[in-house]
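Take a look at these structures.
Here come two complexes built around subunit A, the first alongside subunit B, the second alongside subunit C.
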Partner chain A sequence: MSIEAKEEFRPKIVAFCCNWCSYAGADLAGSSRLGYPADVKIIRVPCSCRVNPMFILRAFEKGADGVIMCGCHPGDCHYSTGNYYARRRMTLLFSMLDYIGVENGRTRVEWVSAAEGVKFSTTMNEFVEKIHSLGKNVRLGDLRCRN
Partner chain B sequence: MQELIKRAKELLENGTVARVLGWKAGDLPYNPEPAYFDSTESLADFVYNGFCGANLSKYMIEASKLEGKTLVCLKPCDTYSFNQLLKEHRIDRDKAYVIGVGCKGKLDIERIRKMGIKGIEQISGAEMEDEADTLTVSTIYGEKSCKYADAMLERCHVCKGKEHQVYDELIGESKETKDADRFAEVARIETMTPEEKFAFFQKELSKCIRCNACRNVCPACSCRKCVFDSNKFDSAQKANVDSFEEKMFHIIRAFHVAGRCTDCGECSRVCPQGIPLHLFNRKFIKDIDEFYGEYQAGMDINAQSPLTDFTFDDVEPGIVGERG
Partner chain C sequence: MQRIGVFVCHCGSNIAATVDVKKVAEMALLEPGVVHAEDYQYMCSEAGQEKIIEAIREKNLTGVVVCSCSPRMHETTFRKAAEKAGLNPYMVEIANIREHCSWIHKDMEEATKKAVILTRAAIAKVNLNTPLKPGESRVTKRALVIGGGIAGIQTALDIADAGYEVDIVEREPSIGGRMSQLDKTFPTLDCSACILTPKMVEASAHEKINIYTYSEVEKVSGFVGDFTVDIRKKARYVDMDKCTGCGVCQEKCPSKKAPSEFNRGLNTRSAIYTPFAQAIPNVPVIDTDSCIKFKTGKCGVCSKVCQAGAIDYTQKDEIVSQKYGAIVVATGFDTIKLDNYDEYAYSQSKDVITSLELERIMNAAGPTKGHLERFSDGKAPKEMVFIQCVGSRCADDRGKPYCSKICCMYTAKHAMLIRDKYPDVNVTVFYIDVRTPGKNFDEFYRRAVEQYGVNYIKGQVGKVIPQPNGKLLVQGSDLLDNRQILKEADMVVLATAIEPNEGVRKIATMLTASIDTNNFLTEAHAKLRPVESPTAGIFLSGVCQGPKDIPETVAQAGAAAVKAIGLLAKDKLLTNPCTAQSDELLCNGCSTCANVCPYGAISYEDKEVNDHGIRETRRIAVVNSALCQGCGACTVTCPSGAMDLQGFSNRQILAEVDAICR
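Our next item is the complex of A and B:
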C-alpha cells in the first residue's frame, strides 16, 4: 500500500443559520430523521442580518470550501426587515467574489423556515454535492501572493 | 490661480475665514501637497495647477474641529465626497467656506514617466491659465512634449462632470475631459473566465505593500476607529492584526465603502504600486446601479444609501450565478 493513498476529499462547509427560522428548520430536519452530511458545520446567528460579509470571507480564509447562509423567508424575519438588508449585502458580496474569480457555486443563500426540515436537508445535500464537484477551495485562502 | 489667491486673501483679511485649505508647491514641480494657510503672507506658496489632484474634502473632518471657518478649495469631483461626508455628519457645513475651483483634468506623473519621459526638471503647460492641450517637459535629456489628455489621471477620462455639487462661490473655468466609459474596464473583467479573473487580481494585489495610503486618503474611510488599526499596540497604527486582514484587505475595504464611495479615484492615484484599486469600488457601484437603480453617492444629500435601504422585491443573491 502506498503511503500517499489519497484521502477522500471531505469538504468543510459552514452554514450560518438564523436563530428563528433556519436553525429551527435544522432542528426539525434532525427530529424528523432527515439526514444531511456531517461536513456541514452550523453556526447559529441571531438573524441573517447579523452575518457580516467579513464572516464569510473569514470562513473561507480559515479553510472552508463552501459557505451557505440561511435565514427566514423575506417577509418572515423575526425582526421584520433584517433579511432584506442581508439579501442586498450578500448579493453584492457574491457578485464581488465572482468578479475576483472565485467559483460562484461556493457561496449560497437559502431561505429556510422553521417548518421546512425537508428543504434544509435537501439544500444541504445539494450544496455538499456541489462543493464536492468544485473541489478544494484554494483561491480564497490567499488573495495576495502565494506561489 | 491669481484670482483664487486674491479672493482667499480678501476672505482671510476680512475675517470670514480663519484659514485656507489648499495646495502648496512641493519639492518637485509635479507634487503639490495639501496644506493649510493661516496668514496672507503664507499664501505666497499657494498653487493650483494640473497636478493638484488631491481631494481636500477629507481634511475638512479635522478642520471642522478647529476654531473658525476654513476656506476649502474643491474641484467638481471633490464636492461629491464633501457632500457624502456632510451626509454622514463627519464635517460641519458651517465651518466650511467652499470655493469651487475649475478643473481641466488632473495629471498623473506616472503616466508621463510611462511615456518614457524621465529625469523631469520642469513642466510647463499644466497651469490653469494655459490652454490645456500639450505639456512641455524639460528633462535632463532635453525638452520633450506630450498631449495633456494622455497624461491625465484615469479618473479624469471618466469624469462625472464639471458641475460642483456644493459651493459658496465658484472661481475658474472647467473643461470637459470625459472620453471613456466609466464601467468599460469592469465590464471587460466580468467577461473573463474565473481563472483569468483570479490571475488578474492576484497579480495586481500581490504588488500591495500594505502602506495603507488608499485607506488614509479615502474620504469614505473616515471612521474614528478603523478595523485595520491594530489594537495590539498602545498607539493605533497600521501594523496588521492578523493574516486575514492582510489577505483580504482590499475586499474588506471595498465592502466597507460600498454604497458610500463616490468614485473619486484617490485610492488609485495615491497607490505607490499602481494597483487599479478603483476597479473594486466601481464593481460595487456598477452592481448597485444594476440591481437597485442608479445611485451616485454624494449627489443628493438626502438620498437613502442603497445598503441601508431595501425593497420587497430585490434580486436574490442567486442572480450572480444565473448571470453567468
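Our next item is the complex of A and C:
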C-alpha cells in the first residue's frame, strides 16, 4: 500500500430484507426520503428464514464489512414462524463469526415492519456508523478475491 | 448463456435527477450476458413497455432487468409486458434504484455508483433465472367477516347481495358493535340505533348470511381462496333454537350486580343477559362469573322460569371448522385506558367520564334513561367541560401519536345536544385544533359555536382537581388570549383516543396479516390498495385499518366487499410459482424440512432414483406446490442442501451477494 493512497473507507454492507416487512419498510424509507449511506445494498428475500448462513459467510468472504438481516417483528411473520428460525440461526452464526474474528458489531438482526420507514433509516445509519468505527473487515476476506 | 436486456427508467426526474441513468445503462452493457441496454423517461408507460417488448422480440432476449421503482410497485407490470412478447414473466428482475437509491441519496456520483451495483446484482440474478409456471388453486365461494359492527355488517350484506355465502363472527353476544352504543350521529343527528338496527335485522334475515355471535376465531390455516378457519362458539348456556327471547329469565335473575359492558360499566346487568334491547340474536347468554348457579350450584331460577326450556347449564364450547375463500377483518376499536392520564382525575371522580360513557348517558335506554346527571350525586350539571385529544396526537409513548379523527365532531355533537336539551348548562370545550374535514362537518361545528353558543377555548387542560364541594376544578390555558384559566365544572368529558380492539394482534398473527406499531392493520398500499392487506385474500374494513367515522367505515366496508367479491367470483387462482423443490439425489428423507414447514406442504415418498448408475428406492421429500407459499424455511434447515427455492435459489442469491461485494 502506498502512503498517499489512503482513501476514505467506504464499507461494503449487505442487507437482507424480507419481502413483506423490511423490504417494504425500506421502500417507505425511500418514499419518505429518509436517507442512509449508499454503502448499504439490499437483497430481497421472501422471508428472513430464507437467509442461509452460507449467504452471510459468502458476503464476508467476498469482502463485505458488515451484514444486516431484517425481518418482520417476532409474531408478525408473513409465514407465521419464519423469523423465529432466522433469529435462532443468526444467534448461533453471529457467535461463531465473533469467535473466528468477525466482530459482533459487523452483524446485526433487526425487525422492521412495513410501516417503520424511520426505523429502517435510523438502523442503517447506526449500522454504517458502527462499521466505520470497526474499520475494514480483513478476517474472512478470501485473498483470492482481492483485486 | 442468457441474452439479457437492461432497461433503465428515468421516472421523470425521480430517478434521473440523482442517478446518471445513461451511465447505468452503459455500465450494464459490460456485464456478462447483457446484449441490450437503454434508458427511457417512463418505463412503466405504454411506450416504455413497448420498448421492452420490441427489444425482447428483436434481440431475442431471454432475460430482462428493469432498473426502476420498487418491485412491489411495478414488477407485475413488467412481467406482463415480457409475457406479451413471449418471454416467461419470471425471467424479469427489478433493480430498485428509486426507493433504495435515488430517493435517499443526494450525491449524483454516489447514487449512480450504487445504482450500477444494484443493476449488476439484478443482472447476476437474471443470469440464473429459469422460466417458471404458476400452478392453479381453487376458490371456496364463501367469505368470513371477523367482527359484527357496522363495518362487518355492511361488508357481509354487500358480499351476500352479490350471491355469496358469508359468515360473520362476533365475539359479543350480539352484533351491532360500537355504533349500537352511540346515541346520535354527526353531522345529521340521526339516531344511531334507528339507522343501525334495520341493517342488523337485514343481515340476520339474509339467506346468505350466517351469524356466529359470542364466538371467536380460534385458528386459521390455508391461503387465499382456500382458508380453513376454526371458530369457537362459546357456550351461551341458552339453546338458540328453543329461546323465544321473552326476557323473563333476565327479569327474574337474582344476580344483578355485574357491570354492564354495553353501558360501559355505568350500571349493572343480570347474570343472564342480552346486551341491549334490540340485540341480534335476541338470545341471552349466561355470564358464568356472576351466575349464582355456576358459582355455588344453587339457584337455577332462569331454568325454572323459562317456558321454552331453553336454559342448558351443561352446554359446552363448540368448535366449528369452515372453509373460506376470502376473509374480511372488521374488528373495530375501543377507547384507550386512561391509566396514563391521571391528571384528568378519571379514576378519582365519578363525574369525569369518557365521551363514550356520555353517549350512553345521553341515550334513552342508557343508565340514566337519557337524563344528563352527575354520577356522584345524581344532580343535573350546570357547567360542563370537554377536553379534546386525551391520548391522541401525543408526542411521547404515554398516548397515541395519531389523531383519532372522530372526537372533534362527536364533541361538537355532544355540546350541541346538551345545549339544545338543557339550555341552562354552559358547555366549554378545550381543544388543540378543531378538525372538520368532511361533508357538512364544518357547518356542523360552526352551528355548535354560533347557534348553540358552545364556548371553544384553544388550549390544553393541565389538571382536573376534584374539590371538597363536589365540583371539579379545571386548570387550563387559553392560547389565543395567552392566559391561564381556572374553571369550576360539574362534569368533565374526556375525548378519549381510540385504539384497535384488544385481540386484533392475535387475529393479525393468525391471518399473517401485517399490523403497525399502533395495532392498526396495514393496507397493501396506503393510497392505491387501502382495503387489502398485503396478505392475499385478507381484506380490511373499518377502524381496524385506521380511525374513521361511520360514513367512511361504510364506504370502506363496501370497498372491502367488492374486493372480496372480485376474489370469490374467480373459479381458480394462479399460485406463486416460487416454491421449494427438493433435489432427489441429495435428499436423504430426514424429515427436518417437513418439521419447519408452516403449511404442511412437504411429504415423503419412496421413489426410485438413479444415483450415478445405482438404482435404488429412497425416501425423499416431495413439495406440494399448491400448498407451498415459498418462504424458504426448508431450504436453510435442510442439512444436505437438497431443498432450494425457485425464483430465490441459493445460486441466485449468492450471485447477488457476489455482485454487491465485487
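Some points to look at:
Here is the rule we go by: the second predicted complex is superposed on the first by the 137 of 147 C-alpha atoms of A that agree within 3 Å, B and C clash if a C-alpha of one lies under 4 Å from a C-alpha of the other, contacts with A are read in each partner's own complex, and residues count from 1 in each chain.
The rule is short, and it goes like this: a residue touches a chain if its C-beta (ideal position, glycine included) is under 8 Å from a C-beta of that chain, and two chains touch if they have at least 3 such contacts.
Since we're looking at a predicted model, the values are computed, not measured.
Touch criterion met: A:100 reaches subunit B, while subunit C stays clear of it. In the superposition on chain A, contact is made by A:72 with subunit C only, not with subunit B.
Shared-chain residue A:91: touches subunit B; no touch with subunit C. By the touch criterion defined above, A:41 lies against subunit C but remains apart from subunit B after alignment on the C-alpha atoms of chain A.
In the superposition on chain A, A:134 makes contact with neither subunit B nor subunit C.
Touch criterion not met for A:118: it reaches neither subunit B nor subunit C.
After overlaying the two complexes on the shared chain, residue contacts for A:81 are found with subunit B and with subunit C alike. In the superposition on chain A, the residues of subunit A touched by subunit B in one structure and by subunit C in the other are 53-54, 58, 75, 81, 85, 89.
Of all residues in subunit A, those touching subunit B in their complex are 53-54, 57-58, 61, 74-75, 81, 84-85, 87-96, 98-105, 107-109, 139, 141-145.
Residues of subunit A that touch subunit C in their complex: 12, 14, 19-21, 23-24, 26-27, 29-31, 33-36, 38, 41-47, 49-55, 58-59, 62-64, 72, 75-82, 85, 89, 113-116, 121. Taken together, the subunit C residues at the contact with subunit A in this complex read 70-72, 96, 98-101, 103-107, 110-111, 113-114, 117-118, 121, 505, 508-509, 512, 514-517, 522, 534-535, 578, 596, 598, 629-633, 635-637, 645, 648, 650, 653-654, 656-658, 660-662.
Against subunit A, in their complex, subunit B makes its touches with residues 186, 189-190, 192, 194-202, 205-206, 208, 243-244, 246-248, 250-252, 254-255, 258, 280, 283-284, 287-288, 291-292, 306-308, 310-312, 314-321.
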